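Chain nomenclature is as follows: A, B, C and D, assigned in order of appearance, with residue numbering initiated at 1 for each chain independently.
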Amino acid sequence: GCTERTDGGGGGGEGDAGGNGGDEQVTVAFVPKIQGIPYFEAMNTGGQAAAEEIDGLEWLYQGPTTADPAEQTDIVRSLIQQQVDVIIVAPNDPDSMAPVLQEAQDAGIHVATSDTDAPSSVREVFVSQASAQGIGEYVVDTLVEAMGGSGQFAIVSCGETAENLNTWIEVEQEYTESEYPDVEITEVVYAGEDQARATEMATDLMNANPELNGLVGQCTTSAPGVAQAVRDAGRIGEVFTVGVGTPQSMVPYLEDGSSSGSILWDVEHLGYLTAWAGVQLARGEEFQAENDVSEDITGVTFDEETKELLLGPPLVLTEENASDFDY
Amino acid sequence: MSPTGNERPGQATSDRTPTGEPASAGPHAEGVGGRVLRALLTQRLVLLAVLVVLVVVVMFALDAAGRLSASYNFDYMSAVLINAVPLTMLALAELVVIVSGRGGIDLSVGSIVSLAGMFFGFAYGLWGWSLPLALAATVVVGGLLGAVNGVLVAYLGFPPLIATLATYYAYWSLALVVNAQRPINSPPIQGLYDLSRTVELPLIGPYVPLVPFGVFLFLLPTVVVVWILVSRLLYGRSLYAIGTNDVAAMWAGLDVRRTRAWAFVVSGAISGLVAVVTVSQFASARPDAGTAGNGMALPAITIAVLGGVAITGGIGRVAGVVLAALLVVWLDAGILLLVAGNIASQVQLLALGVILVGAALLNGVTSRRYGLST
Amino acid sequence: MIGALRRRERILPPPVTGQEIVLVGVIAVIWVLLTLLTPAFGSADSIQPLLVRLAPIGVMAVGMTLVIVSGGIDISVAASLMVCSVVTAKLLVGTGLPMLPALAVSVALGGLLGAVNGLLIAYGRVHAIIITFGTANIFQFIGLRIFDSQTVNNIPATFAFLGRGEAGRTLEVPHSFVLMLLIVAVAWWYVRHAASGRHYFAIGGDQASARLAGIPVERRVMSAYVVTGALVGLAACMTLAGGTATLDQNVGVGQELAVIAAVVIGGTSIMGGRGSVLGSVLGALLVQTVRSGVTQLGWPSQLANLFVGLFIVIAVGTDLVRERRRRR
Amino acid sequence: MHTVAETPLLTLSGVTKRFGGVQAIRHADLTLLPGQVHAIVGENGAGKSTLIKILSGAEQLDDGTITFDGAETHVRGPSGAIDLGIATVYQEAQLFGELTVAENIFVGREIRRRGRVDWVEQNRQVVELLGRLDLPASLATREVSTLSAAEQQQVSIAKALSRDARVLILDEPSAILTQAEIEVLFTAIRRLAEQGVAIIYITHRLDELFSIADVVTVMRDGSTLGTYELAEMDVRRIAELMVGGEILEGRHDREPAGGQPRLALSGLTSAGRFEGIDLTVAAGEVVVLYGLVGSGVAEIASAVYGVEEITGGTLTLEGDSIRPRSPRHARSLGINLLPANRKLGGMFTFQSVAFNISVGNLGVFRRLGAWMDRGRERGVARDLIARLAIKTPDERTPVGSLSGGNAQKVVLARQLVERPAVLLLAEPTQGVDIGAKEEIHLIVSELADAGTAVLVTTSDLGEAIRIADRLVVIREGRVFAEFPARARQSEVLAAAAGQRDDVDGPGSGEVAS
């Protein structure tokens, strides 16, 4: 025998996962889609804040350098090896994540998803920032208002295969159809995680269709991208943009009006909530229908059969409130 | 071909040192000790082997010293092997193409993985073909996609870089549109994940670590087949011949075009197999499986080059590529345990870069010192 | 008189290569078709941004042409671009540096990174592809460390002069495009008429012989990479100019392929010894045209790459056929 | 022979050089007088190239001294040599395919005017230079990649002459030149010698020494044996000094087994290259096609081998008509060819000797369908290494590290793996030393004796006369004259030589592209 068999780390993990109670050390590891973008770094900040306040919580944060599902699974595998108590993932590709989460659970580790769900997986809870419905409708409402209730707009999305973006887009399409008869979505283009490309495409869209008076930047990289395009084309006030963008990156555009608003939620709170949820799982405590997580995160609803924790309604970032956030 | 062109054999690059198949060092009389040292310094294979051992030993030492956030043991080493499967297989595909010479290189492998993967998704996941049938068909599809490169390069005279760049873009698009950029993850596909589960070997099972099933099912067979192909079959001879000097190969009565075209077919077929591997690993056929992030082609070429494959053609060994892959995978796995947080993935980049440059420089400088280059 | 001229022409190396003519033809056809299909394409509003986004690729392609003609290759341009742009961006935010100094810093930094490649390749005598694969990883590490897992926010519009906006144009002509043309012109003259410029073809043709002919091979190879690096530094500024007020780590991803593609489509032999600066820029223009064409036609953007691939085959294939005819 | 000044221009004493394990030069002394044409001869691997590489700064000596103009000097790199006034024409043409002839001649030392290359001036000088070598001015602006091997060789010589050198080194310049071109070269050399330039001339063609050189230095495995006035020497003595022993002379007498023609060309034509060639080769017969480079000899052989396109006439093997489509097809018919340009068309430089031998007949080593029978390969390789007396440590050695003569034998061995019905030999002993040449000729006769039909194309008259059972002179792509065995040199030369009109003719075609 040349090896002490550890079943990929299960033995130990089983131990502390099972006999949990009181407030002994709990290690919660969070794996973002990609490191180094403000959105997830802000979630990390929130998680660290939680680690400060909730005693016994150790917060790990480790993400891939590119939004690559393979690299992400490698990291989860190393976390399994490290026998952490809870692994929470924001999967780049829900399906590819499912099997690895299964592995983690077999190794006696609690698993959950945050920001993006992996419905088909064994995750015990999904920490949701805001319902797809909520986000999609907020985006459309804000944009159509800016557009003055009528016109045409196009959507500049990012990864062609990004699950959550695609569901938001579907909501937006249906909602516009039903609510705003004289507003039309001309097309949906995909710029990858590339700001410059997003700007290029937005520019081309505006040139191709002079009627176009609205643009949606569907993700945090394309939100400033489309605004920049409008600014460069000198068509502020003619073409309006709304995006899902982080405050700091949107401030300049909100100020000069090239962006009419950015739909987001308090990302740091999302991070905090994620960490908190991890602790609950590790300590085997049930979620209530309404949870008060910390003094400024209250009324977090939990849906029993979808096993979703919902942070709350999204917020609309404007010139006024955007600069209050430091990410 | 210009009679003074770079292709003239015997160029002054370290890649030209005869570390490749099948010739070894020149006629130099010297002592045993000298020969060993010389082998270490001038032959990529030996150097890589030493480096692999070094990495493992260092990691075990760090582990013993409690510097790692988890134990770096044989189980972990074999568990991460699953990450090596696609990369190594594609690196072998590049080996075959690069050895064929004339600037041979295949940028399209990643896109072929995506496109063939989608085909497999349809065949096995939706059309309900049997696994063996779907698998075989996918490999064939991969081969056909590679054949396009082969025809463009060998028969129409496109530079390999151009031909495969074009198909890289084209296949990428096709993979996205065939299923309206949605992945395929029907139950049969999800069931496939077992293929990349770890299994206990028969007989010796209890004594050795669990090894990912995929390693046996896909990697080892590919390694063996490619090794047989390039160093035991007649085809291998023609391959190295055209890669070394295709004018001479023509005069020697070899079918240069056919041999070169087949190199791309082989590369495509391997990519097709990799497609099945990734689908099973992700339990989902993803339209961007081979193109997400930085794509699969460049990393594969990197491994091949690190493995001692000379981009000038005619030189390269299967063993070198496999060692290079093991080196990278085990090093990366160690770094994930050694370094915490975001920096880990970044340090992996640094390590790979340093090893690439270091190994090349060492081999290059020393082989000149030993007067191997003509 | 005419005769004399013609003889003089024959003495000089050919001013434009066949591939260049082919490319001009193909691009012209595409432009005409696009203008017919979507009148907007012909408008200044659509051409200007096209030229602006062409500039950085074109500038880098000039350097890459030198490198490939001299028998090498540089995989590390994308990573260098990342390092240069993040450093420059942080400078702009931190110190509010004016344009020219910032430009100088970026170019110098790029040159430095190029020098690293140059040293290792010229004096380490290892094939460029291995070295630059390695340095690409190392530079990327450096860049990511400087990003330190954050985006650079609120970048001032210091480079608006090179940008897509009003400030980036005089008489409706984008400055960055003019700058690119300038560089192309200089490079074109240099490789055609300057002795040291001709040396790159000799080195790429047969390094050993070039050395025996008394050409300072190491110096030339070295400078090829330094120049490329410096131009990448410039391209970094153009990228910042064309980008948003935030810079994230994705900057430069995939650029190495884009640039190499442009050069090889332009008729430069990847084996070295043969190539042309003009062709490289045309190659870049072809790709950019196709990309924006697909979006402007309102075709699904996922198809863009398919057409890029097709047109690469068409452009290069046409030249191959032409060559074969010429041989007969 | 003109007289030469007595004060040495250049002296080498006690020079040694080793490459890794190989002692390339053990001990070399050399004294070079101004205006002297100084030949260096020696077997392949004797150290000639290395010696001149040291003089031209391409390699640095390990030990010993170089005295130039009475002062001890160190040659610092190629440019250092050029500064001293030492110009070299290397064995393999050191030209750049994508550059024009004019550019090639001035590369590295371009004439500059206001920072740019002065094309007009360069061109003027080149045209004048080409004139001196009786080369057409039109050559100046051609791209080198479009020139024939011979033309390229002449360009490199022009290049060397263009530097007003005090020492001119020529390493086997004549190897691929025609008789006529050699004459032009010799005139140029003599003219330079008159002007006091010292010339070092390396060759394997001993006979030509007597028409050009004043003295000859003989090298044997890395050492100079001494320097001799050619007046007091003859080919035989030089040869014996080189190999260090007795060597056979003249042709090996054998009875050409005439009878049924095995290979027959009738009216064979390849537009623009050769036409109406009627020729037969019987089993056991050695037929030599003698013709100057560009006369079409080479193309005839490659046409039979399926490389050159046949546009007319018929080709029959054993009576039935054939039309080889490719070398592959030709070999399947039992027709093998030894390519003329060893480096370009023959050697797989960094692959093993065994690889180089087996690669031409992979079918022979087929086992179980597609497998390579490596045991068989090893056996066959060892067998042929012994049969052809190839000097190599073992069959795993890279062929690139063998000397030209031995490399050539390896490529020849490739053709003998299976006894061919017809063996075509293109310039079989080009750049090969007299010892190896001797052996190769012997092998050829033995093959014929064993019933192979041998067709040799060569531009080396001595060789032609030596091995021919029938000697056919090709000129301007036509059969021009035919001679029986033991033809007289003078007659054959009369038939073939003295023509200049073939320089601009179709390229030598030895270089397949």
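Just so it is clear, contacts are C-beta pairs under 8 Å (C-beta built on N, C-alpha and C of every residue); 3 or more make two chains touch, one makes a residue touch a chain.
The chain lineup, named per UniProt: B = Autoinducer 2 import system permease protein LsrD; C = ABC transporter permease; D = Sugar ABC transporter ATP-binding protein.
Please read all numbers here as calculations on a predicted model, not as lab measurements.
Using the contact threshold fixed earlier, the set of chains in contact with both chain C (ABC transporter permease) and chain D is B.
By count of C-beta pairs in contact, B-C exceeds the other of the chain pairs B-C and A-C. Taking each chain's centre as the mean of its C-alpha atoms, chain B lies 29 Å from chain C (ABC transporter permease).
Separating the CA-averaged centres of chain A and chain C (ABC transporter permease) is a span of 36 Å.
In whole angstrom, the spacing between the mean C-alpha positions of chain B and chain D is 42. Distance from the chain A centre to the chain D centre is 73 Å, each centre being the mean of its Cα atoms. Counting only residues that touch two or more partner chains, chain C (ABC transporter permease) has 144, 149, 204-206, 208-209, 253, 273, 300, 302. Taken residue by residue, chain B touches two or more other chains at 2, 4-5, 8, 176, 181, 294, 342, 346, 349, whereas all remaining positions touch fewer. Of all residues in chain D, those that touch two or more other chains are 94-98. Of all possible chain pairs, those that touch are A-B, A-C, B-C, B-D, C-D. If you check the complex, the residues on chain A that touch chain B are 1-9, 35-36, 60-71, 73-75, 77-78, 81-83, 92-93, 95-96, 98-99, 102, 120, 159-161, 166, 190. Put simply, chain D touches chain C (ABC transporter permease) in their complex at residues 56, 58, 77-79, 82, 88, 90, 94-100, 102-103, 107-110, 112, 115-117, 119-120, 123, 140-141. Remark: chain D residues 19-22, 93-98, 144-145, 149, 152, 307, 326-328, 330-331, 337, 339, 343-352, 354-355, 358-360, 362, 365-366, 370-372, 374, 392-393, 396-398, 400-401, 414, 511-513 touch chain B in the complex. For chain A in complex with chain C (ABC transporter permease), the touching residues are 35-38, 41, 65-66, 160, 186-187, 189-191, 193-196, 199-201, 203-210, 221, 224-225, 227-229, 231-234, 248-249, 251-253. Taken in their complex, chain B has these residues touching chain A: 69-71, 73-76, 79-80, 83, 86, 176, 181-183, 185, 190, 193, 196, 198, 206-210, 278, 281-284, 286-288, 292-294, 332-333, 336-337, 340-342, 344-346, 349.
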